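Below: one structure in structure tokens.
Letters A, B, C and D mark the chains in the order given here, with residues in each chain numbered from 1 onward.
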């Protein structure tokens, strides 16, 4: 049954995206800071996407995560930004901790949008400096995807020395959004200035924060894999078509081997994403380590593929009108939003110290 | 005048090495630990090589370092190991500090051989754990080139907390040599176990130790540049000759671009070596930073070129009989003997903090 | 003889437990300590004993039928057992080629009588097979091979020279590809045979490698060697296709993710003890970065490999994407070994002859260049991915349609 | 007008001191603060003023003669001045192409009258030149260009389209290469001209780039544009050779070792303030490794560049080895910018529109892909080194000897 539903969801998604999303729509989103494709989001809500993997008791469809990830991959291929990962991750954090059932329902129905505001200026990692005390948070969060349009944010903050996750209503008191020009304006990003913003504690402890970040990283990895796949695909197509010196550029080993390297990166990123997802779904104890490999593998893959996609396209690749720029921007944005690679490397290597291999 | 002498020295060297050194002689040296080509060394001594850059007041020829470096490059090309760098560096350390004039004279005349025993097991850097007290050193030194045959070693040790350089007579009491199998047996390497070995203080302080190591690194860089050049040369020749799929392998971009990368590495390594030497000769204050770039640039170049020289040669490249293995071994040996790359990177980056660029 | 495959309800974890117990019990007899100081001949004799025990216990050629000495298991059983076995230093290396490619190819091409006669003793390690492919002028470009097989009555006469033939010095039989028609294009004139390595006219000469004093690779010379036509595998002129079929089997045979070098776990343990200017190397970002890259790649490759094996178990043919694994792992071992030596500094040049290849950074480093060449160079594997997976144009091949004897 | 070159005894360090003082005095008028918020047109007007002052002071086209507005100095003077100038954010970018290639080429090929009439105002920034080379189907493969020049009495008529033409929107004149004979092989049928960009029939259309809202690159369309034969540079059919001559000049024009991005010194300062899990990033080995790699490469390239300039000053022609510099520096800026963003983490996505390209990691990262393509892609530059320096065989070029109008 699940398989049928999955196929149906993906078919619908492909048809919707095929009909709605084209290069000029994507360009428009890039033009101004804080852009969000609300019309597309409303159609996605109609199709029930926000609800897919949220359990029925939270108002969702209760399908498994494997029903959501192909859709994320499809979005990634088309550089479409919808707040599906942030909505799911926020809803599950609330649900697992029995907090704010109304918000869970609103996220599942698509009435509300969530942002994950985990990062801050000053450190590439996720350990917050923002302070929680007396039910309020004070501090500044780095630009977070969808924060420009979100109703709620899941925010990291310190209660004393203990990091935790808090739910903040972005329309409420003590919250100011800074909608900034960012590398990828289509991410509806905004920084948050929190000056005594009312906040609901969701979960405390570094391990819990990391687990939530790991879930977000694992799901994001599927968007990254989709983007990498697309970069490889359009690069291969261009390489077969574009001629120099009387041959398609794809007949030259400099390009052939570059594309072969892209293929390896795509498959390694995909492998890491699949394994992290399996571990998450199976509730295995190695999940965080696998989430790190998914984060790093899929992130490096997308960065590499986007960069070399431009290179393969030559001059056309650096124009505003061509497709590669969307991937170049999106790849870097996704690689940074949940914290920089050095942070995740630390997490992986420290985790490996106690992990037996097999 | 100097130019004439340089040309003459290099001509003599080329002729001697051409006549004496062939692949089978080099293979023989690789067979057994601690190998040293004493017959060749005796001929080199006859030609005055150990004396070239040692000042006349130390019994040398008093030529400039630019007369020695082309010869080092020539040795590097042919993977010939003679204790010229260790002899020069030891003699200059002694001479500059007015220590052991007899040893300086013996080194200049080639009667004596010196080894630089700077490294120890347990750290990739050069800060020693060996202790100097009451005129004696106790500690163990990592395998050092020429220590298997040397009469003297310049040894790092701590006097209290202060590192310094000491002269140790290797034939004397309290010294045991461990002649081990090493990556490159032709380096006449031996570890030293010093149990209260009598030692003459030469110079104290970390800065002085680093300066001496920097001089050794700069001169060694010319051996490394020579080795890299040779790897590139034989790789290009093989690539023009060896055919696959109806064309020389050098017609395929995978090989062409690999060789182009080798060329870049060779030239960057050479550039670093030249600039470090100029700075040393001119007595500039940026010498240590430039010595670091020479160490790292020429070392990485030789490692890269030797590795990809094998790869370019394919199956033949991994046989005992072929030339590339000598470079593969020598490159790694030279890159390790004066301390590992992470140590030199630290030194370079820490130095850069206070260095204005230009 | 224990019949291990009669319990179809055995779970994979039970299978692993049983394999672990079986392997552990043999350590005194076949482990690193027992093998220390043995000559190659003594070690080979020990290896044959071990291989026979494996065959009896169903741990040899795990995916082949029990009736011929295999294990009657799945690819998954094979990978699990191999993982456990690789924790020991048991003598298995002599049979890697023999059981990897020739035996499966014989099962596809030989008649039943031959299979019954030769394969069970091969799986027991009594017989060893070699693979006669490469030649001095035919490495990456296999179809450029020159060793001739000329019709002679009911058979063929072989003259020429093969190169890089692993374990030919101990081989009883071999499979190989030879030129039977030099007047047609290079790929079209080849034919595949199996043959008796003790046939008159065959001379084997060991080739010394860069690393180590003994070597598994050889030159094999053929002087008027007779092979009956009944030992032909495939049609006359179809040898290139059969050779490619053989190589496709080979591509999935890289199961050891450490490629014979230290595991990442061992590298991390090593780095925890190494020092950079007094700091533990494992705390240093350049070491962490290198380890993280390796761990990520390993995870991706594990996932790819597991899914490929599952697909093969479900009856699908292995695809050219199997090229990724060896390509990445060989280069990775080199990177990691070079880093490990850098962390040792001056001490890194020492080469302990007593230490196993799997434990020592210097040995790992000195041995790995061959890994980037044998079984397809890095460059050939990238080309394979580009052409066979991505459908990019083949390189220009001026000799492709020219009769072999007219190529310049 | 200060005549700076009348003191032949001025030492290089005195020269630098004088340049520093001269540059410092102009900061209020031409520095980053003064330029903030200007439209492109306003900035260009300011740039022309600055360029005129440079020409008067002998700091414009330093290696060209004083008589035409140059500096009468050496390559070494030029590199020293450029180094000092690059510490400011003065408006020089509009003249980079104009003075880089077209003006030197005009000095080689144009008659004296033309030189006297056009070059001094060009050096003063009053006139701007463009370079009409690339086309939609002719980027790396310049000789594939299609824009036709057909004989018409005493001149030629040009039809077609050029692409990636920097600063064409402001250009008064241009040099360029066109196809004059499509019936011969592609390299043989080209001819080189200079022309008036205000000629009837020329249309310029700006091409928007990945980064930024304004762009220096353009499409240039030619509709029956007349060019007198007297403006031909070199023989009819020799255009490819003249174009290559132009590109060789370009190859040594990369003097800014930061390729417009932050300097390594700035990156190190930045890393000293960035944090990885609370640790200063500059103390972290992965940052140190990346910085050390960049510092080593920079030193090597400085040495190569200095020696090449000295050789050029001594009268030698620049060789193809000049390809190294741009190849390495462009990719290095990308690596360093990516690392810097990684160190910023989530904050790294912010793109401050007020900050100059030379100061911001995100701007540096977003702009650099073009640096790996313009002026020879990484791949073309490697090929150049392989073929021109190392003498390796040229790639297979099936269209090389085919008449251009018969290429498929």
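FYI, a contact is a pair of C-beta atoms (placed from the backbone, for glycine too) under 8 Å apart; a residue touches a chain by one contact, two chains touch by 3 or more.
These numbers were taken from a predicted model, which means no experiment stands behind them.
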Chain separated most widely from subunit A, comparing mean CA positions: B
Pair with more cross-chain C-beta pairs in contact, given A-D and A-C: A-D
Whole-Å gap separating subunit A and subunit C, where each centre is the average of the chain's CA atoms: 41
Rounded Å distance, subunit C centre to subunit D centre (Cα mean): 52
Subunit C, residues touching no fewer than two other chains: 276, 284-286, 288-289, 379, 382-383, 395-396, 398
For subunit B, residues contacting two or more additional chains: 247, 252-255, 257, 342, 345-346
Sites on subunit B touched by subunit C in the complex: 118-127, 142-144, 180-184, 187, 189, 191, 243-247, 252, 254-255, 303, 307, 310-311, 314-315, 317-321, 324-325, 328-329, 332-333, 335-343, 345-346
Subunit B-touching residues of subunit D, taken from the complex the two chains share: 83, 263-265, 268, 272, 282, 285, 288-289, 291-292, 295-297, 299-304, 307, 321, 324, 327-328, 379, 382-383, 385-387, 389-396
Touching residues (chain side subunit A, partner subunit B) in the complex: 252-254, 257
Contact footprint of subunit B on subunit C as seen in their complex: 134, 137, 139-141, 144, 163-164, 207-211, 274-278, 281, 284, 286, 334, 338, 341-353, 362, 365-366, 369-370, 372-374, 377-379, 382-383, 395-400, 402, 407
Residue ranges of subunit D touching subunit C (in the complex, touch as defined): 276, 284-289, 396, 398
